[in-house]
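What follows is a single structure, and I will ask about it in a moment.
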Amino acid sequence: MTTLSDLNSSSDIGFVDLLHGIYEHSPWIAQRAAAARPFESITALKRALQHVLAQASPAEQLGLIRAHPELAGKAAIAGQLTAESTREQAKSGLNLCNPEEFSTLQRLNQDYNAKFGFPFIVCVRRHTRDSILRQFERRLRHDASAEFATALQEIFYITRLRVAAKVTGEGMPKVNGRLSTHVLDTHAGRPAAGVAVELFEYAGEQAHRIVRTVTNADGRTDQPLIGDRPLPIGRYELRFAMGDHFRRRDIEAGDPPFLDIVPLRFSIAEPEGHYHVPLLCSPWSYSTYRGS
Amino acid sequence: MTTLSDLNSSSDIGFVDLLHGIYEHSPWIAQRAAAARPFESITALKRALQHVLAQASPAEQLGLIRAHPELAGKAAIAGQLTAESTREQAKSGLNLCNPEEFSTLQRLNQDYNAKFGFPFIVCVRRHTRDSILRQFERRLRHDASAEFATALQEIFYITRLRVAAKVTGEGMPKVNGRLSTHVLDTHAGRPAAGVAVELFEYAGEQAHRIVRTVTNADGRTDQPLIGDRPLPIGRYELRFAMGDHFRRRDIEAGDPPFLDIVPLRFSIAEPEGHYHVPLLCSPWSYSTYRGS
Amino acid sequence: MTTLSDLNSSSDIGFVDLLHGIYEHSPWIAQRAAAARPFESITALKRALQHVLAQASPAEQLGLIRAHPELAGKAAIAGQLTAESTREQAKSGLNLCNPEEFSTLQRLNQDYNAKFGFPFIVCVRRHTRDSILRQFERRLRHDASAEFATALQEIFYITRLRVAAKVTGEGMPKVNGRLSTHVLDTHAGRPAAGVAVELFEYAGEQAHRIVRTVTNADGRTDQPLIGDRPLPIGRYELRFAMGDHFRRRDIEAGDPPFLDIVPLRFSIAEPEGHYHVPLLCSPWSYSTYRGS
Amino acid sequence: MTTLSDLNSSSDIGFVDLLHGIYEHSPWIAQRAAAARPFESITALKRALQHVLAQASPAEQLGLIRAHPELAGKAAIAGQLTAESTREQAKSGLNLCNPEEFSTLQRLNQDYNAKFGFPFIVCVRRHTRDSILRQFERRLRHDASAEFATALQEIFYITRLRVAAKVTGEGMPKVNGRLSTHVLDTHAGRPAAGVAVELFEYAGEQAHRIVRTVTNADGRTDQPLIGDRPLPIGRYELRFAMGDHFRRRDIEAGDPPFLDIVPLRFSIAEPEGHYHVPLLCSPWSYSTYRGS
C-alpha cells in the first residue's frame, strides 16, 4: 500500500507513478493534481483529482471515458484489459455469464456505442450481474448528455474504490457497506443459536448461493454476510433453517412443520449502506425489517 | 347425488348399489351395514360402515386393503382402475410425475409390497405429490402391524371423501379445509388492494404455481386460495407483488426497492384445517403468522 | 320507528310532525322539504333536508345554529333541553364532568359565544369527552366564517344520527362504526381463547374502563368492543391479560413473566370507520396494527 | 477501592478490616477465610467466603441472619442501620413508602418474625419496591427450612454486590444487568431519531417515571435505560412519543393520529440479565420483543 506521506513527499513523476491505474490510461489527471500537494487526507486527494477532471475540457473528459474497455467485451476475452479492469470485471461475476448473457451484453455494447459514441461504463463492484444488465438496458434509453454525466459519475465510483485499494491513510472516504442479520426466537425469548443461514444472489429468476453460515450464541453471524466491500446493488434472498432449529428444541408445529426454511427476499440499493435484515421467528409467525 | 332418505328407503340391494365404489371392490361392507338403517345423519352412516370394517376378520380387512390399486402402478397405466381411483390419482398430480419420479414410485411400490404383502394405500387427495413420496419412504420403515393400521386409517380418509362426494344430507363430517390470505399495508394503515398474489406448491426443490389472483378492496382474495376440498399436505409458497403495490402508491423505497416480490413459505399439515396466512407489509418490513 | 312510506304518504303537516326534533326548534326545514316527496331512500330524504338548509338565507342558518343549546350549559343544568339534546349530551358522558371540567366548559362556552355570537355546536355522539374539550379549544382559534361552516357541518352529523334513530327504511346512510379485536397466540399458532380484555377511554391522563370482556374460541369477542353507534373520536387503550393466558398454558416466561397485561394505546379519528386492533402475542413478543 | 493485592498482602487483621461490612455484623466469616489467601480473582475470594458460611454451624448461620435489620423497620427509622444497609434500603425506594405501605411492611415484618424467628432478608438492590412486597407476602407462606435457605441465598446476593462495590480486580462476578431499547421507523426504513422515551416503574397500579431520554441518530439511547447496576425485579413501562415523531415527518395518520404515545409494558425477572426491548413502528402498526 502507498501511504499519503509517500504521495506527498515524492517527485511529480513519482506521484503520477504511484497513482498509476487510478484513472484508466489517463496519467494526465494525476499530473495536473500533483501541484495541489500536500494533501491532508485521502478525501482531499480524491477531491483534487475530481477537481482536475471537472475542469478538463469536454474533449479530455470524453477521452477518459473512451479509454475504458467494454464490459465483457473483446478486450476482456483477448486478455487486453488493464490489471484493474480485469480484477473488477472478474469480481462482478461477469466472467460467469452464460453464452446467452454474453451475447446480450455484446448486443447492448454495440447499441450503446452506436447511440453514444463511447463505451458503457459502470462501477461493476457496486452491482450484481443482474443489476448491471438492468442498468445497461435502462441507460440505453437516456439522452447523450445524461449518459455523459452518468459515465463520469461511474468513473468517480471506480476511482474511489481504486484509491481505497491502493492508498492508505487518514480521511478515507466510506466505500464499503455491510449486510448483517440476527435471528431471534420469539417462542423462547432469546437469540436462536446454531441456525443455518444461506444468502442467495438473484440473476434473473435464478438464485445463486453466495454465503453459507451458522448463527452464533447471540443469534448473529461471526462475520457480516457481506462486509469490507461495497454491497452489490441487486436482489437477494436469505434462507434460515428454522424448522431444524425448532426441531432441536423439541417443539411440535405440525408434520411437516408450519415453518421450515424461512426465506427473506430483499434488494440492496445503497452499496455503501448498512443493511441489517433480522428474523424474528416463532414456529407459527415471523417478521423482518430493515434495521440498523 | 344420493340423499340420505334414498339410502334409508331403498331395498338392501339398492342400498349396496347406491354405495357402489365407496369401498374399493368390497360390496360386503355396505351389505352388512344395510341392516343398521335408518341412519339419522351421514356421520351415522359413516360410523356404521366403519363399525362393519372394524368387526370384520383380519383376513377380510386384508382383502379390502389388497383390493386397492398401486399408486401410479401398472393398473393406472393400463387404465384399469376404478372410476374413483382414476379421478383421485389424477387430482393428486401423480399423473404428472416425470419418468424419474415414476421409476421411484415403481421401486417404492415393489419394496413396499415385498415387505408388507399389500399395496401402499394413501388418501391421495389429502397430499401433494411431494408429501406422497415422503409418506411412502417413511412408512416403508414401519413394522407390519403399524402399516396394517395405517392402511385402514387411509381407507377411512378415502371413503369419507367418497361418501361426501356421493351422498348429500344432514350431518356431513368435515372433509374440506381452507387456505386464505389477507394483505395489510402498514404504511398506509389499510388493506392493500390490487396486489398480485401467486400460490406455489413445492415438489422437491421445484415450485409449481397453482393459483394466480389479485387482492380485492379488503385486501383479501374473492375466493379462498384453496377451498371446497381437503388441503393437500405439503410445502407451499405465497408470493405477493408488494413492490408494484408501493410503486402505484408513489413511495420511494430504493432502486431497486427494498421489498419487491415478498415470499411466504409454509407447510400444511392438517387437510381439514383452516390456514390463514396474512401479510402485514410496509416498504421496509413485513410479518406473517398462522391466523384464523 | 317511522317508515319511509309513512313519511311519503302523510300530509305536509303530518310529515313535519313525524320529523319533529330532527332540526333543533326549526320545523321550517321539514316544511320546505315536504314538497320534494316522495323520497326513494332515507339518503334522498336526508339530501332534501340538507338542500333546504343550504338554500336558506344566512339569517335563517344562523337562526338554526342559535337554536342549539350550549354544551353542558345552564339549560342542561336546568333541564330545559329538547329530548334529543338531553339524550345526546348524557351519552357523551358530559354529565359526568367534574366541577373543574364543568367550569372549563362554562368558560369555553362564554368565550366562544363572545367571539362568534352563537353557541358551540358539536355532534357529541361522535366524540369522547376528551375530544370535545380539544375541539372546543381548537375551534375557538378559528375565524368566524370557518366556524359558521363547521357549525353547519356538525348539525349535519347531528341530524343524520337523529334521522337514523327515528326513520327506518331503504338507503340508510352509514352512521355507525365498529371497533373490534382479535388475539392470536403466536407461540401456539392458534387463537387465544378466554383472554380477559378491557377497553379504556382516556379523559386527560385518566383512563376510564368502558368495556370488560373475554375472547371466545376464535380469539375474538362475541360483540364488537364498540358497535351499532358512531365510534367516539378520542384516545383508547386495550388491555389484554396475556400473562394469565400463558400461565394457563403452563409456559415459563420468567417470574414475574416478561409480559403480563399487554396494553395497546390508539386513537379513533373516523367515527363511521371500522377499527380492527388485533394482538399477535408470544410470551416474549407482541405486535398490533390497524387491520380490517 | 480496595484491590485484590491489598487483600492478599495485608495482615489477617487488616484483611478483616478491609472487608468490614461485607457480612452484616459478622467479622468471623472474613477471619476464617483469611487463611485461604492468596486469591487469584474476586470470584475466588467470593467463593472462599461462601465456603466459610456453608461450613459454619446452623447456629452461626442463624446468627448471621439475625444480624440483619428489618426492612424499613424501627432501626431504619431510628437511623441505627449499618452504612451499607442504609444505602441499600434508600436505593430501593423503600424510604419513599407511604404510611399505608409502611404499616403493611411493619405487619409483614411482625408476622415473618413470629413465624420464622428471624428477620425477612432480601437483597433490595435486585428488586423494585413492588417486587419486595410481593416477595414478602409469598415467602411468608414458605416453611421454615425453605426460608432459612432463601435467607442465606439473599445474603449471597447482598454480599456479592457489597464485594463488587468495595473490591476491584480481576475475575469480578457479573452483578449488573442492562436495559436498552431501539426505535425503528418501519415507515421510513430507518432508525427513529429524536424520539422522547420515558421509562416507568410500577408500584401497585401507580407508574413512577424513572428515566426520561431521547433517541439518538441510531434510534438508541446514548446510555442504557438501566445499566451499571442490577436490574430491579419488577414491572415497567416504556413510553415512546411516536405521534410527535411522525408529525415531524409530516405524515398524515388521522386526527388524533392512530398512534401517539406507544406504551410497552414488561417485567424484569433477571437482575443480572440483558433486556433489550425495541420498538418497530409505523404510523399504523408496532411490535416489540425481548431482543439481545
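By letter and in written order, the chains are A, B, C and D; residue numbering begins at 1 in each of them.
In this text, a residue touches a chain if its C-beta (ideal position, glycine included) is under 8 Å from a C-beta of that chain, and two chains touch if they have at least 3 such contacts.
In this text, all values refer to a predicted model and were calculated from it rather than measured experimentally.
Visitor: Using C-alpha centres only, name the chain that sits farthest from subunit A.
Guide: The chain farthest from subunit A, judged by C-alpha centres, is C.
Visitor: Counting C-beta pairs in contact, which chain pair has more, A-B or B-D?
Guide: Between A-B and B-D, the larger count of C-beta pairs in contact belongs to A-B.
Visitor: Report the inter-chain centroid distance for subunit B and subunit D in whole angstrom, where each centroid is the mean of the CA atoms.
Guide: The mean C-alpha positions of subunit B and subunit D differ by 56 Å.
Visitor: Distance-wise, how many Å sit between the C-alpha centres of subunit A and subunit B, to the nearest whole number?
Guide: Measuring from centre to centre gives 46 Å for this pair.
Visitor: Mind pulling the residue numbers of subunit B that touch at least two other chains?
Guide: In subunit B, residues 184, 186, 189, 258, 280, 284-285, 287, 289-290 touch at least two other chains, as defined above.
Visitor: Residue numbers of subunit C touching subunit A in their complex, please.
Guide: Within the complex, subunit C touches subunit A at residues 186-189, 253, 258, 280, 282-285, 287.
Visitor: If you look only at subunit D, which of its residues touch subunit C in the complex?
Guide: Checking each residue of subunit D against subunit C gives 131, 233-235, 237, 254-263, 265-267, 269-270, 280, 284-290.
Visitor: In the complex, go through subunit B and note every residue touching subunit C.
Guide: Those in contact with subunit C are residues 182, 184, 186, 189-191, 218-219, 280, 287, 289-292.
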